[in-house]
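Just dropping this structure here.
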Amino acid sequence: MTADVTAPELAVSQWFNTAEPITLAALRGQAVLLHAFQMLCPGCVAHGTPQAQRVHRLFRTDELAVIGLHTVFEHHEVMTPAALEVFLHEYRITHPVGVDTAVAGDPIPATMRAYAMQGTPTLMLVDRQGRQRLKQFGRVDDLALGAEIMRLVKE
Amino acid sequence: MTADVTAPELAVSQWFNTAEPITLAALRGQAVLLHAFQMLCPGCVAHGTPQAQRVHRLFRTDELAVIGLHTVFEHHEVMTPAALEVFLHEYRITHPVGVDTAVAGDPIPATMRAYAMQGTPTLMLVDRQGRQRLKQFGRVDDLALGAEIMRLVKE
Amino acid sequence: MTADVTAPELAVSQWFNTAEPITLAALRGQAVLLHAFQMLCPGCVAHGTPQAQRVHRLFRTDELAVIGLHTVFEHHEVMTPAALEVFLHEYRITHPVGVDTAVAGDPIPATMRAYAMQGTPTLMLVDRQGRQRLKQFGRVDDLALGAEIMRLVKE
Amino acid sequence: MTADVTAPELAVSQWFNTAEPITLAALRGQAVLLHAFQMLCPGCVAHGTPQAQRVHRLFRTDELAVIGLHTVFEHHEVMTPAALEVFLHEYRITHPVGVDTAVAGDPIPATMRAYAMQGTPTLMLVDRQGRQRLKQFGRVDDLALGAEIMRLVKE
């Protein structure tokens, strides 16, 4: 008997850089990189977000989907979708980014809660069968990340 | 006949990290570093702001005053004082930072206009007699900056 | 009809960091990274050699063999095997390194000539069937390299 | 009563990048940066030597003399003057570099012994009166170094 390791579906209240809403269900067959960040988190801005951009430029879209997730769990009043839009413009981020759905009475938004993330940045990989395969809080090494992504692409 | 090269006085609507408002007039006798930035400007976050912090840690306060200036000239609706306060907290910026005074009908705030800055980040040095001595837009080299500051301190 | 793309065998006059001489023939079944360098080549020391060390630490030995190749094509009188041994010790390089065999009357050593390398550093990948799959002169991106290596490991 | 803090004279057996031998005595009136290094010392190659080159480019020659000192205290058989000459060429080092004089029966060369240096890289500053003012083993911060040099230049 094996545990159900299907990655929880994304709960997103607003999308940027995509004409249509994105679901993990619709991405079956492709590997997925989820980059959870906050626009005023220094480690996200210095490392996580530029790395997601590098990955987005390197891999073919039909092999890997790169998706940002704005998981605001503090300072909600200033890290608004309007502020995020400016951030994405100024940092020239072109991959799809979703706003993780706020939950009444909980500072932690819905997707962040479903994945039990520790903080930001958190990088997650989902394989072509929709299973979560990696969840790493903090800085991730480029060499190791390139290898892990290709492992999922080639399975 | 020589031109008046006294640095324009700061026009600041709100201060952070200081109990009392700061004026260049009151800083005569000390060298001053002014670091003009916007909290969502990538070059400011990557280079200008960390450099201002390094300078603030290195020099004695009675030799050099390090002052940040939030010169918002675009996206005014999201780069508010409330957002700036979160930014300063998250990036652990401890030197005084003033909000450059907004001007009705002009996207460019008052001090930025008075100094004719080209954009952000801009680094300026003011000598012990209150005269502007350097104004550089973009990235500034640490080695050259250390030397220029000490030149003003030792005059 | 397809061209023979088997990677040329290594011609090595002296080995470091390995008890037995290494041949590509004996490595069939494993992917191989060849890092061609000169100990006094600035780009090799700054980028290529540290990258080879990072790769060596990341991948399992039975998946990937990392092999350095000291391809001296200039200043032969000072980049001797004795000097190389000191270099490997000081830079704490622990993967096997071979001295590319000098050829009388030719400044370019035998393996460098066989692979038609342009200069140093040059990074090459050989797949599990012994075929050359990548040859890149100059700086190589970590993310792309991690992916290319895993592609060969997973084939 | 104050101690004699005159910096010991350089003991150099061979010079590169200068037509005439250099003495500290002849440099009275200028500040001097001495950069002691070994060509196969990783910290020297990664940090010390490039920093000496940056300093050499930034300051006027009549304000500051930048002098490299090849203080070989290990692996003497491969860090020869002939090997150093190739190193200076490959790394495009253009400031004067002297070979610290070897001493029979002592692995430590004469100038390194006279200055009681701990290892390489070591950076030293000598003021316009010929007095030693700084001696730092290991990595030196650019901002602090720029300031310290200008302090000596302006005294």
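Order of writing sets the chain letters: A, B, C and D. Residues in each chain are counted from 1.
Heads up, the rule we're going with is that a contact is a pair of C-beta atoms (placed from the backbone, for glycine too) under 8 Å apart; a residue touches a chain by one contact, two chains touch by 3 or more.
Small disclaimer: the values here were computed from a predicted structure and weren't measured.
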Check: What is the set of chains touching both subunit C and subunit D?
Finding: none
Note to self: Taking each chain's centre as the mean of its CA atoms, which one is most distant from subunit A?
What the structure shows: D
Check: In whole angstrom, how far does the Cα centroid of subunit A sit from the Cα centroid of subunit D?
Finding: 50
Check: Quick one: subunit A and subunit C, Cα centre-to-centre, how many Å?
Finding: 37
Item checked: Numbers and ranges of subunit D residues touching at least 2 other chains -> none
Checklist line | Touching chain combinations (by label order) | finding: A-B, A-C, B-D, C-D
Checklist line | Footprint of subunit B on subunit A - complex, ascending | finding: 40-42, 45-46, 75, 77-80, 82-83, 86-87, 90-91
Next item on the list: Would you pull the subunit D residues touching subunit B in the complex into a rising list?
Entry: 51, 54-55, 58-59, 141-151, 154-155
